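Across the two complexes that follow, chain A remains constant while its partner is chain B and subsequently chain C.
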Partner chain A sequence: MKDLAPNAWWAALWLATLAVLLALPFVANAYLVGVGLSLLMWLALTQSWCVLSKMTGYVSLGHVVFYGLGAYLVVVTWQRIPLALAVPLAGLAAAAFAALVGLPVLRVRGPYFVILTYGLAELVKYSVMAGEAASGTASRILFGTPDLTVVYFMMFGLALAAVALLTWVSRSRFGHGLRSLRENEEAAETLGVPVVRYKLLAFVLSAAIPAMVGAVMALRSTYFVVGQVFDPMISVTVIAMAILGGGDNARGPLLGVLFLGLLSELLWASAPLVYMIVLGVILVVFVLLVPDGLLGLLERRRARAPLA
Partner chain B sequence: MSTILEIRGLGKRFGGLTALQDVSFSVPERGIVGVMGANGAGKTTLFSLIAGNARPSSGDIVLRGRSIVGLRPDQICRLGVARTFQIVKPFPSLTVRENLRTAALFGSAGFRRAADADAANEPLLGDIGLRAVADQPASTLTLSGQKRLEIARAVASGATLVLLDEVMAGLIPTEVARMLETLRHLQASRGLTLLVIEHVMRALMDLCGHIVVLHHGQLIAEGTPQAIANDPRTLGVYFGEAV
Partner chain C sequence: MAVIDTLLSGQLLFAALVTGTLYALVALGLNLVYGTMRMLDVAHGDVVMLGAYAAFWAFTGAGVSPLLAAPLVALAGAAAGVALYRGVFARLIARSSPAQAARLEANSLLLFFGLSIVVQNVAALAFTPNNRAYAWAGDVIHLGNVSMTGNRLAALLVAGSVCLVVALFLARSVFGLAVRAVIERREAAQVVGVDVDRVQWAAFALGFGTAALAGVLVSALEQFSPFSGFPFTIAGFIVIILGGLGNVTAGLAAALLLGAIETYGVALTSANWRSVLLYGCFVLALLLFPNGLFARRLRA
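Moving on, here comes the complex of A and B:
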């Protein structure tokens, strides 16, 4: 019974977020729709990142590699294959890429994994850059992209899919195995968790959605510069939102995305330089003082409150 | 009595160091077999080889007539073998109940749903004396509690062969007595086979029907506790050669 009230509160937050984001394109101006789109994008990216990094403790600093690959795939196939095919294909390609590099990459843990994933993303970025330079393309422009509302609802679908994915993983037997290996990999394996297969599967699952997000964002910006779609700041922002949110279910990233996403919109407009400083301070404070994030704060407060 | 586990000429080298050499013995179904030996005798290495955490350099490990050498630890666990770790390895931020859930979901017990796993583990929480702390994170347990959790997790996996690695080390005498009682109860009520490494000699003599003695990686004696206690080779290892 004691869980009923907070659950109702959470349902209300989810429904309110859903309703506002769903209604936005019909009632708001282009600027606000843009804000909504960026919230949806961060929601999809952060939730998918958590499937690997929050569940298994393998913190990836290279989530952007999938985003960039997805964007690149849609851009090079633009007007050659239909969009309805290109976007899922981007997701599949990224998943295949994760499956390919996952086995060697997931052999290292802790800070080594962080650095390796960062390096991998940079390697892919410079490889694509070199390829583009060799073919004589500095940047690409997309003509005839779908309008903002269509892009918005594609992103809405991806955000929903990412939330559903993390919710399923976090409640499943698979997710319990991931949590166990995060806590102690050797003990988990000795108790029957197929750790290598599970880590790889989590990596592959976390790769598909960001690639499709990258594909859809390429339609939004209508031009393509390698350095922008592989920008490491995207990976860093995702981690910041996940750390801020805390927890290993879909609730934490929702809090982190809403908080940081809205804060950045407020500050970007008025004081873009201050934003980076504020972001840095918030991160330091959270890592040092609130390691389990906003979700942890809420849960601790609830645990301390007298039961009604 | 039929044999559940057979160790045949088992050897393990780490580079130039020979940790185990030509060790052979067998473990009867539902038996309690003790493994004795000084530090560095190769006891924990033996467990690591059986559980699949390390691969033998030579010899064979046969479980119910089937060789398990080369299988991964998770595969061996699903065949009904579970080990505890001498240096406990709990899942610290998961609760005691969630720790046991992992074992029941992924071990040979093979539950598919968390609720079923938890229900099956409920009596075990009582047997092992962890019910009061079932919803606390494992990191909050005392050493004695964490040792109990190690055993409970191994049993919750549904294993029929449980390898206990110094689960009584560091416990005070009253805790040792309680632990012995718990182990006997678990063994009898669940029909377990136990392979026990222990430095608390009284406990080992008390618990086991059969004891093997390792020394510098070699099996130097085996037999009933009484025979082992009077065996000159054992005495030589523990107290030095008679002059």
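Moving on, here comes the complex of A and C:
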């Protein structure tokens, strides 16, 4: 019974979040639906980030590159390819991009991997920017995008998919393989874990969803500025949410997203600089003092409780 | 033919030299801080940015010329480095177990990245996020058939001589030997009697001082904002990866190479491609040396 109690709490939190987010477009005004949409966006981004970075310990500071590529693809193909095709195509293209760069990139380890992914995302950003400038396009505007409710439920589907993906990976044999290479890559390889293939697969899996999220968010904003869809602060926010939550299953990111997502809603528009400072402080404090995140704190409290 | 003429002009060579020398100065400090502490200090470029602001206020507020401000700002930067080392890092190291220290090293990038975000945005709150610039020594000087502005010549001379002096100091003096020993093997250096603590605080002083000095020089050449420090960090990393950790002389050569790639690349394409070139070099350097900055040390 004692073991069941926390699980019941989690089930309740998931159900409550799900129910609120599902009901929102029918009962709330456009502003609140927008808030719900951005929570769903962060949920999908953070959960998909965890598939690579939490599971393998290869911390990516370049998750935004897939988001930006997805947005760019939908904008470029707008009114040439039907949306129902363009969004999954964006996901496929990002997965293909991950597969292409994955082998050399995943050879780089530790802090170098972190800064390499940042550099790669910036490289793609500035390349797209230079390409757009060369073709004389400063920004693009989309006409005839679907209305907010449709966009909202597309994002809802992506968030669900991301949670399902991370939950599946976290429980599967594949996930245990990823965990083993996180602890010690050489030892995992000796024991027969196909390290290179697993890392690459995790990277590819984590790339598709953010691209589709970027594609859907491009429909929401209806205009496209390269610097915005490739903003490195999106990657930083994702990392901060995941680290804040902690753990390597879908629960930690949920906590991080609910907390930081609502905070960003309060601050990002009105005081973006203050929001960034809070984000930086959270990063420093959690890396230094609470490396296991909120989930780790909860578990430690639970472990201590029977003794008291 | 026009392209060839541009490429062979002394003007471009001079521009490449200025950029390369400034990168060398930034990389020098990063090399010392990173090498002796083994923490990826991505906030290094923010010290450059703060140095630029210090020079800006000194010039616009009190009319102090950047040449005069340079030693003062560098000293202030060095003092800040020592204070940061004494106040935070020395305590952190003394307090943590070897396992914790290893974890700290692995997480140092996120830690400094968070710190960098805080510094940049606090600076943006305090100084506004707008670009700043001031005009100093913009007169054109003709040397042979190369014409240059006084501020660029001053930046080249100051940054170049500081780099050379520090490189000579590290190569020839006993203390320089101790610094290089700590960079290569901290524990072994300690065993043979190197005062690691002293080397580390000196590295912080020198590292932060040179970064602040680079900031002063940059501020006299181009406009800057609270967010313009990061590209210098990236350039510094490229230089260290190519030149090798702790190898200041090879770093000077690598910095000049990077300056040349950037300057000639932009001349051949357009200013829009500057960042593409910089990040392209960075990604390429890391992919070619996947063990990062340790590649050379392990091979040796």
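Note that the second predicted complex is superposed on the first by the 298 of 308 C-alpha atoms of A that agree within 3 Å, B and C clash if a C-alpha of one lies under 4 Å from a C-alpha of the other, contacts with A are read in each partner's own complex, and residues count from 1 in each chain.
Note that a contact is a pair of C-beta atoms (placed from the backbone, for glycine too) under 8 Å apart; a residue touches a chain by one contact, two chains touch by 3 or more.
Predicted model only: the values in this text are computed from it and were never measured.
Between chain B and chain C, it is C that contacts the larger number of residues in chain A. In the overlay built on the shared chain, the residue A:Arg179 is in contact with chain B alone; chain C does not reach it.
By the document's definition of touching, of the two partners only chain C reaches A:Gly280; chain B does not. Once the two complexes are overlaid on the shared chain, A:Pro194 sits against chain B while remaining clear of chain C.
Once the two complexes are overlaid on the shared chain, A:Leu219 sits clear of chain B and of chain C alike. In the superposition on chain A, contact of A:Leu255 is made with neither chain B nor chain C.
Across the superposed pair, chain B and chain C touch chain A at no common residue. By the touch criterion stated above, chain B contacts chain A in their complex at residues 51-53, 72-74, 77-78, 82-83, 85, 89-94, 98, 101-103, 105-108, 112-114, 153-154, 157.
Here chain A touches chain B in the complex through residues 173, 176-177, 179-180, 183-184, 186-195, going by the rule given at the top. Against chain A, the residues of chain C that register as touching in their complex are 40, 42, 103-111, 113-118, 120-122, 124-125, 129, 234, 237, 270, 272-273, 275-276, 279-280, 282-283, 286-287, 290-293. Remark: chain A residues 59, 61, 104-105, 107-112, 114-116, 119-120, 122-123, 126-127, 129-130, 133-134, 236, 239, 243, 273-274, 276-277, 279-284, 287-288, 291 touch chain C in the complex.
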